[in-house]
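Shared between the two complexes below is chain A, which pairs with chain B and chain C, respectively.
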Partner chain A sequence: MSRVITITSGKGGVGKTTTTANLGTALAMQGARVAVVDADIGLRNLDVVMGLENRIVYDLVDVIEGRCRLRQALIKDKHFPDLLLLPAAQTRDKDAVTSEDMIELTNQLRKEVDYVLVDSPAGIEAGFRNAIAGADEVLIVTTPEVSAVRDADRIVGLVEAFEKGHPRLILNRLKLRMVNRGEMMSVEDVLQILAIDLIGVVPDDELIVSATNRGEVAVLDRASNAGRAFIEIARRIKGEQVPFMALEENTGVLERFFGMFGRRPRGSER
Partner chain B sequence: MSLFDTLFRNKRERSSDIARERLLTVLVHDRVKLSPDVLEKLKAELSEVISKYVPAVEPNEIEVTLLRGESSDHIKADIPLRRSAE
Partner chain C sequence: MPNLIAIKGSKDGLRLQLDESAVWSEVLDALRDQLGQASHFFQGAQIMLDIGERALSEEELAALLALMQQYGLRPETLASTARESRNAARAAGLTTRPLGRKIVESEERGAALFVQRTVRSGQVVRHHGHVTVLGDLNAGGEIIAGGNVLVWGRLRGTVHAGALGDREAIIGALELMPTQLRIADLIARAPEGHAQRQPEIARVVDAQISVETWDYRK
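Let's turn to the complex of A and B:
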C-alpha cells in the first residue's frame, strides 16, 4: 500500500523542504520507490535543494493542466533512480491548482511509488490545504522557537480538523548546548505544548547549509548529524522502532524523554 | 544575599522556561479564541464562584491554560488557596 505523506509546518523557513529532500533520499537509500512533490507553487525550492534544477522540463501545473503526462514531468534523482521529483511551477500561483487536482495527482503517483512525500508551502491557506488534500498522514516540522511552535500548534488543529489523522512532529535545528543552558526550549517543552507524537529530532547542523550549496542532501554525508537523524526518521516512517539517538551524553532532559514515543497523557502536569 | 538572589533568580528565569510559559498562555487565546480581557473576566468570575464555597481563593493567582488531549482540548484552571491558620 503506497503512502502519501505531507510535510508541513505553518511557519516558513523551519526546514520542510530540507526534510522532504532528506527523507525522500533516505527512504530511497533503504530500498523504496519514492516521489517527492514540490507543492509550493510559485516558489519552487525542492529542485534546488536536491541539485536537480537544471533537469526541469515540465512541472506539477503542466501535469494538472494536461500539457504533459505525469511520467514526463518526473525527474530522476542524481543518485537514486527510484527517487523521483515532481517540481513546482515557478511562474504560476497557488490558484492554479485545486484540492481535487492534488488528490487526483497523488492517486496517480501511488501507482508508481511506495511513498509520495509532498513538500507543503508555509501558511494555512490554499497552498497548505492543497498540499494535505491527498495525504494519508502529515508530518509537522518545527524549530524550538516561540513563533515556529505557535504556528505549528495552529497547523495541528487544522490537520485534525481536515481529518488527516494525528500529525507527527519533527523537531528541527535543536541546539543541545543552548537547551542545556536553558536558552532554548527542549524536546520535552515542545512536546508538552504541542502534545502530538514525536517522530524525530534533528540537530542543528552546519553541514546542511554546505550540502544545499552543492545541491546535495545531508543523508548522503556520513559526517552529518542531521543526516543521521533524517535516516532514523525514515526508518520510523517505515514502522521500525528506532530509539531516539543520544545527541550527547549527560542530557537529563533527553534521557527522561527517551523511550517516550506516545502522546502525553491527558491532563498531565508540566 | 543579593548574589544568592541573583543566582536564584537567574535559575528561575531561564529563557526557555519563559518561552514555554508564554506559549502555553498564548495558545489558550489562539485555540479557544479567548482574548486576554475576556480571559481576565473569566478568571474574575471563576474566583467569585469558587469563593462562594471556598473563601480562601487567591484571585490574582489563578492560572488558566489549555491542554490538548486525545480527542479534545481541556481548559485547565489552577486556583490556589490561601492557607489558613486553622
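Let's turn to the complex of A and C:
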C-alpha cells in the first residue's frame, strides 16, 4: 500500500525542502520507489536542491491542466532511477491548483510508487492546505528556536483539524554544544511544548549547506552526521525500530538521547 | 434591575439574548453597559441576536446595529418569533431564523466547558461559563471565558476569565507561565523570568490581578 507523506513546518527556512530531498533519496537507497513532489508553486526549490533543475520540461501545473501526462512530467534522479521528482511550476502561483487537484494527483502517484513525499510551502494558507490535502500522514519539521516551535504548534493544531492524524516531528539543526551550554532548546524542551511523537533529530551540519549548493544530498555523503540522521528517519518511516543516534561531539549527554528514546510523548504509537 | 441581556455559548458561536418585554431603550442601555465592560469577549465571535417575541422596526434594529458597530461587532443572524423583526433584519443584510414559541433553558449560565486536549497556538476556546482544560495551553493559544478558567497543565498562552465583566473570576494552572492574564477589565503579564513550578491561582485583589501559590494542604 503506497503512502503519501507531507513534509511541512509553518515557518520558512527550517529545512523542509532539504528534508524532503534527503528522505526521498534515503528511501530510494533502501530500495523503495519514491516520488517527491514540490508543492511550493511559484517558488520551486526541490529541483535545485536535488540538482535536477536543468532537466525540467513539464511541471505539476502542466499535469493538472492536462498539457502533459503525469509520467512525462516525472524526472528521474541522477543516482536512483526509482526516485522521481515532480517539480512545481515557477511561472504560476498557488491559485493554479486546488485541493481536489492535489488529491487526484497524489492518488495517481500512488499507482507509480511506494512513497509520495510532498514538500509543502511555508505558511498556513491555500498552498499549505493543498500540500496536505492528499496526505495520509504529516511530518512537521522544526528547528529548536522559539519562533519555529510556535509555528509548528500552530501547524499541529491545523493538521489535527484537517483530520490528518497525529503528525510526527523532525527536529532539525540541533546544536548539541549550545544545548549543553543551556543556550538552545533541548529535544525535551521542544517535545514538552508540542506533545507529539518524535521521528528524528538532525544535528546541525555544515556539510548540508555545501552539498545543497552542489545539488547533491547529504545522505550520499558518509561523512555527514545529518545524512546519517535522515537515513535513520527513512528507516523509521518504513516502520523499522531504530534507536536514536548518539551524536559524536557529545560527552556525557548520551544518556540524554537514550533517555529521550525511552520516552513516548503523548499520542499513540504507530 | 432585572437581567435584560443574556449570553449563551453554542457550537456555532454566541447567542445574545435581549429581553423581549422591557422598554427597548433600556435594553439598548443595558447592552451598551455590557459591551463597554466586555467587548473583548465578543471580538471575532459569530454572534446571533435573539430578541424573542419583540417586534422591531427597521429604525429600532438600525439603532441596535449601530450600537454594536461602535464596538466593532456585527451580528450575522437574528432570531425572532416576530415576522416584522425578521423582515427588518433581512433588509439590513442579516440572515434570519424563526424561533419556537418558548426557548428551552437547557444551558445554565454557570455551565462549564471541559476541554481535554492541548490548546495550541492560533486556537481560541470561547465559552460563556467556566472552562477547564485537561492539557496545556500553549503560547499563542487563547481561552476566553465568562467564568473561571482552570488549566490542569501548563498555562503559557493568554487567558481572559470573567470576560463578561466579572472581577470575582479566577484563573488557575498547575504551571502558570502565561503570555498574558486578563480578569474582567484588568490585564496583567507575568513578570520576566517568572517560573514557579507549582500550582498557582490568579485573582483580583484591590483592582489588580495578583497571583498566589495554591497550597492544596491548606
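The rule is simple: the second predicted complex is superposed on the first by the 249 of 270 C-alpha atoms of A that agree within 3 Å, B and C clash if a C-alpha of one lies under 4 Å from a C-alpha of the other, contacts with A are read in each partner's own complex, and residues count from 1 in each chain.
The rule is short, and it goes like this: contacts are C-beta pairs under 8 Å (C-beta built on N, C-alpha and C of every residue); 3 or more make two chains touch, one makes a residue touch a chain.
Model, not experiment: these values are computed from the prediction.
Q: For A:Arg33, decide between first (touching chain B), second (touching chain C), both and neither.
A: Neither: A:Arg33 stays clear of chain B and chain C.
Q: Look at A:Ser186 in the shared chain and tell me whether it touches chain B only, chain C only, both, or neither; answer first, second, both or neither.
A: first
Q: For A:Gly157, select first, second, both or neither according to whether it touches chain B, chain C, the two together, or no partner.
A: After superposition on chain A, A:Gly157 lies in contact with both partners, chain B and chain C.
Q: With both structures fitted on chain A, tell me whether chain B or chain C touches more of chain A's residues.
A: Looking at chain A, the partner in contact with more of its residues is B.
Q: Quick one: classify A:Ala195 as touching chain B (first), chain C (second), both or neither.
A: both
Q: Which residues would you name on chain A as touching chain B in one complex and chain C in the other?
A: Residues 150, 153-154, 156-157, 192-193, 195 of chain A touch both chain B and chain C.
Q: Once bound in the complex, which stretches of chain A touch chain B?
A: Residues in contact with chain B: 145-146, 149-150, 153-154, 156-157, 179, 181-186, 189, 192-196, 263, 266-268, 270.
Q: Could you list, by residue number, the parts of chain B that touch chain A in their complex?
A: For this pair, the touching residues of chain B are 14-17, 19-20, 22-24, 26-27, 30-31, 67-70, 74, 76.
Q: Write out the stretch or stretches of chain A touching chain C in their complex.
A: Contact set of chain A toward chain C: 124, 150-151, 153-154, 156-158, 192-193, 195.
Q: How about chain C: which of its residues touch chain A in the complex?
A: By the definition above, chain C touches chain A via 118, 120-123, 135-136, 138-140, 154, 156.
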